[in-house]
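Both complexes below contain subunit A, partnered by subunit B and then by subunit C.
Showing the complex of A and B:
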């Protein structure tokens, strides 16, 4: 935020006090004895809309966002919050009380946001009126003695004063100055013209404030009407952008189930390639998810490729490829010989690298009792000191290691569970040791409980779906704010005055003496000296040309 | 003093603008709700749509778990209980025994039950059907596309969701979440009793 008004402070200091000097102890400190409630409210409003407070609020907003990125947040990472509670049992409840696990929903964050909003509105509205007022106000009358101005020049010309001022006015108008000439009856003041330029400065400042307001509104729009969602999609599967098909769904305040774009996405094929040699061995070199999608159910299927940072734009939402992994395919028959499970089961890789992935297989409808398996999948199996490890992220030698359980998975009482975790409390372990299976191999469960076959594997991708209606407006407003800021920095408000008095050089009664004076009302960016010198030279040249004998057949204004 | 007055006017203007914005936002939000919806007595997640305000159920065709084609339009003229479920879904497993019983019980009254099996595989779904003795067919909706169609008219947030569709193909009632026998029979009583 800039404060161009400070430079315009009148003798009373009032305009500056509106934004910038409104601190207690300044001229705005109310005389307590004489002030009533209304005055206090006015004083509070003036404080709120002062630039100092606006800057403090902006800083607080930035500061308030910090815990949002440092601490796990309820909305995006509830598991992380749980872990934090476990790790810091004494501290976590206090942080929670302060809303630090849900920063962007915390009352104090909303308070900062709304106060900043009010501050900006309270600043922009009067500013708009002032700009409109200043656009209507003519430049001031030319002072009597222009040589006293910061910049001045004086020369004589053969033109009479009225002509000299006419010529000067045309030159200045040609440079986009706004002019003021003496009133028709005001001959007593002599011949002069006042010119002013640089209204864009205040306009730029206003644009900056309005755009900042626009950014706040855009962010709010995104928060209220946008949504974020995650979905893990196994190769060959389809999902529709509807809440029940999303793994995680974080809707904005005003988002309803029907607001989601009705697109569907199918993962046809996913390929990841890795660097196979050198120091970078095992690092990914490319990801490519070949998808087909429809913008609405039954619509024509189109194909696209998702890569990292190359999302799909569909129905106003963006679908990003954010991760991938392996889903081993298992086929389970129960004790009665019925196939009770036959599907790709996404396993999740931990931080160990090379896609050593863990997962669970829950066979909920096996007879006579439910079956469960905890497993590890390795794309390139090696055994190091008797421990199964993965040597490379590509599936060169895939294998799974399984521990089988039977009993009660605890799913029939209606309490939802994570598909990646198994509660073994109601289960008994069937295999004392983890059993290694290669693709195509089966494990016969003891006691005739059934068979599990590791039939193969398919890749999966995790997709992030975001819809942020505030994104584009925020970008536009951000650019506008920058433009406004640049304008208010680069453009100077400056005035130029030209006066012509009868009587030329060396006391000659012929012609007139021309005085040019100028001042920049704000010269933060400098450069007015040069501009004045060049304008003064141009005026002088114009006067000389106009005073030169007119060749026959040429108009008087030739050379203008 | 003039400046202060103008400021006060501006303050009032800004406050009014803020209130107006809030009102517009809130009213827009409220109009998203449906005044023609009444809760089913004693239930927090079951609703009835009054006659004239019942959303038309989208038509769909699909493949049943046993591999035959099924067209929803062939159910027109009957009251249908449409249950969105998945074998992986714990609350679905909780309500499944009730649905199996209710389906048998309402068979005589001409109420058809139909399942929409969401995000599931045929092997697991068939095992579920065998296990709970589900007597009615289910359509495969592994891609949630049928669910998506219905979401355009009723706010289906997940499984289970149970819709009761009247004889004209309009959605007359819904249970969002685990359905109880009381909720289902209350809705069915209203829909089959005369005004269905």
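Showing the complex of A and C:
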């Protein structure tokens, strides 16, 4: 692609040829100490923009990406990072120090791609000027011996040399070649025409590299001015896109909570359907979240269906359906007989499949002591060897299994707690065994501490809300890169030369001998050979036509 | 829509048939090595751009090239007026011209290559047809693009590789490479059939998108093309190693297999052009994947493990394209780079998608 980068010398050797251009004075074997800082900088810049270093940087980029896929990353899998810390307590801090849990945000990774892009700029910008220059200059003069070129043809014609070259020039101009003819007084050099075509190749190459830069800028734009947020929404609930209503909020550097669009989303109903038979039993076949939304609180409500692969665009942001689960509904009465808890509690499914989900119920208002429950929800309960399992992801036979605690939930000690975990340090277990409840069933807590009733379940969905102003620029740049790539691969830069010398080949004094020579400066996709053969045949046919007797009343050569 | 099980079986039957016929074509290609007329790969006159002899080759030189297994310019007609004129009937009479060679049409070239190649090509075409029918019927059976899981992906990419290589083989008259590429197709398809066979089925909702047809199709095409490039790369390395051993006096020149292969320059150029074809397709596949990721997951690029490895593959093939233009990296090193690129591609498909949990865990291999 970037075959214009000169083949350069080894990094340490810095032979005279290369050095001679860079160092003022241009000594042959210079004393290293004779170089000033400017010379070293020049040398470093030339090294950086050399193809060899670009290759090395490409390798480093590929190599550096590998740990990003092999180790859990904070951006995509924070839970995995925690697990890694637990599993490898000695190693993990070191990996973290090296940025290996956040490879794609690590300074060393940024160093690689920034150097690569610097190298790219250093290569591409000078070439842009060179391209602009070459677009104004004419093709080179035709060499003397065209049969020495990679492609050549030779034939004789009855036309005199000047006529033959005129005809050839007309044919080549008709194919869009840029032409060069000898200067008016350049008769000594004979009759020739040079033709060149395919300047778009280099333009495509430049477009490709510049578009890659554009992709980088777009990504940065999204990182600085965009945001990502997550929200778990239980069926029947509403949330507004404000920072306090979001579970997680990852703003870009220049984004504040005020930049959030104040739309609201309500989950009216969520349905998941599954394949019920065959080898794929249990595999989901469709998800459908029926929502209503307003672009600002109090605005007119509209309805929509969120599906996987079908996000909602609202107020400059996009809302995606990225997960779902079950929220069992519990009703808790405390020792006084008061209902102190009556709500759907989202349980989170682990990796064990079929939506065996775990969660906690924290009853802070219970008297005289706070109550807490850790539980497991299974949509289709079966018992295998005394262990509660889920046989199917749909809620065909829902059940929960609970362990009750009483004591202090520890919510007032200032340490933030996850709503999905319970700190049992200040609590005592009330039920020695997990207690299984079916919908409608209650568990009476020992010692008159109260009652918990499993009244039913509702589904929940997890939504991702994103706003990325770099998205469209990235797409445009990506398409431009592809277009540039195709141009640079499909267009070949090639030159054709035609010379005509007086005298036919077979001893005939009339007419002339025509030589056609061609070379492709780049021919990535092949095919110059065929093109040359067809052009040579066309030139020859044109010469034959021009030399043939023409019906009366038709002038033979307008150009003469 | 329910899966059409009967049609799924038809698809499987056609695939088995294709596998058998591919194997027969490999046997025929091998038979050409063993019993065919000795000749240098027919592409010699067409591909060696640097040899101007080739440019000047006339009908007469084409015959000379076919006869001579040597490495250099094999014809004595470079400047000679002995060239047979190929001019049309209305050309000036008896003028010794040299016009560029016009290659014989593919069917003629195949016939000239001998019985074994004729048989191998016929079998290859039939096998590709059966393979294509298998994929189309699978698609009709499941009402979607038939590359939704690993098994389907491998069957589709081998079909792309076979079709693409048929094209390459005919265009460059590279019959001698058939045994290697079709052999690799047989191995890949056979492994898919025995190890990861998955019955026709529905897709998870995440894959129910028209982007599956766009993104995965592009990835399948590119993988099939890179597959061919990788086989060519291995052949290149074998030929290059042999040449160096001969140069060092550690191997006998004139090895029966080696002298039938295209020259290393030809293999290098063929590999380059194959990758030049595949790289934009891969780039398009990555961009299409990014658009789909934006639709499905809310970001166009998130360094998901499969995305990361697709990026690594892209970077390595880009490195190959640059290496070919860099002194000191041409030839063998460039081939190592592209083979490394293909290795990362295979690693992505066989290891990352199956064993590393990410958003792309759709392989359907248990």
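Convention: the second predicted complex is superposed on the first by the 392 of 560 C-alpha atoms of A that agree within 3 Å, B and C clash if a C-alpha of one lies under 4 Å from a C-alpha of the other, contacts with A are read in each partner's own complex, and residues count from 1 in each chain.
Quick note on the criterion: a residue touches a chain if its C-beta (ideal position, glycine included) is under 8 Å from a C-beta of that chain, and two chains touch if they have at least 3 such contacts.
If you're wondering where the values come from, they're calculated on a predicted model, not measured in any experiment.
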item: Partner chain in contact with A:489 - subunit B first, subunit C second, else both or neither; value: second
item: Partner chain in contact with A:285 - subunit B first, subunit C second, else both or neither; value: second
item: Touched partner set for A:366, first subunit B, second subunit C, both or neither; value: first
item: Partner chain in contact with A:537 - subunit B first, subunit C second, else both or neither; value: second
item: Touching partner for A:121 - first (subunit B), second (subunit C), both, neither; value: first
item: Partner chain(s) touched by A:529 [first = subunit B, second = subunit C, both, neither]; value: second
item: First (subunit B), second (subunit C), both or neither touched by A:61; value: second
item: Comparison of subunit B and subunit C by subunit A residues contacted; value: C
item: Interface residues of subunit A shared between complexes with subunit B and subunit C; value: none
item: Complex interface listing, subunit A residues touching subunit B; value: 14, 42, 45-46, 118, 121-122, 125-126, 129, 224, 237-245, 254, 256-258, 260, 262, 264, 266, 297, 331, 334, 338-343, 362-367, 411-417, 419
item: Residue numbers on subunit A that touch subunit C, as the complex places them; value: 1-3, 5, 7-8, 51-52, 54-55, 58-59, 61-62, 65-66, 68-70, 73, 75-76, 103-104, 147-158, 219, 228, 275, 278-280, 283-287, 307-311, 318, 320, 322, 464-466, 468, 471, 474-475, 478-479, 481-482, 485-486, 489, 504-506, 511, 520, 523-526, 528-529, 532-533, 536-537, 540, 544, 548
item: Complex contact set, residues of subunit B against subunit A; value: 3-4, 6-8, 10-11, 13-14, 17-18, 25, 28-29, 32, 84, 87-91, 93-95, 118-119, 121-124, 127-128, 130-131, 142-145, 147-149, 151-153, 155-159, 161, 178
item: Touching residues (chain side subunit C, partner subunit A) in the complex; value: 46, 49-50, 52, 55-56, 79, 81, 87, 90-92, 94-102, 199, 201-202, 204-206, 208-209, 211, 269, 272-273, 276-277, 279-280, 283-284, 287, 290-292, 294-305, 308-309, 311-312, 315-316, 318-319, 321-329, 344, 352, 356, 358
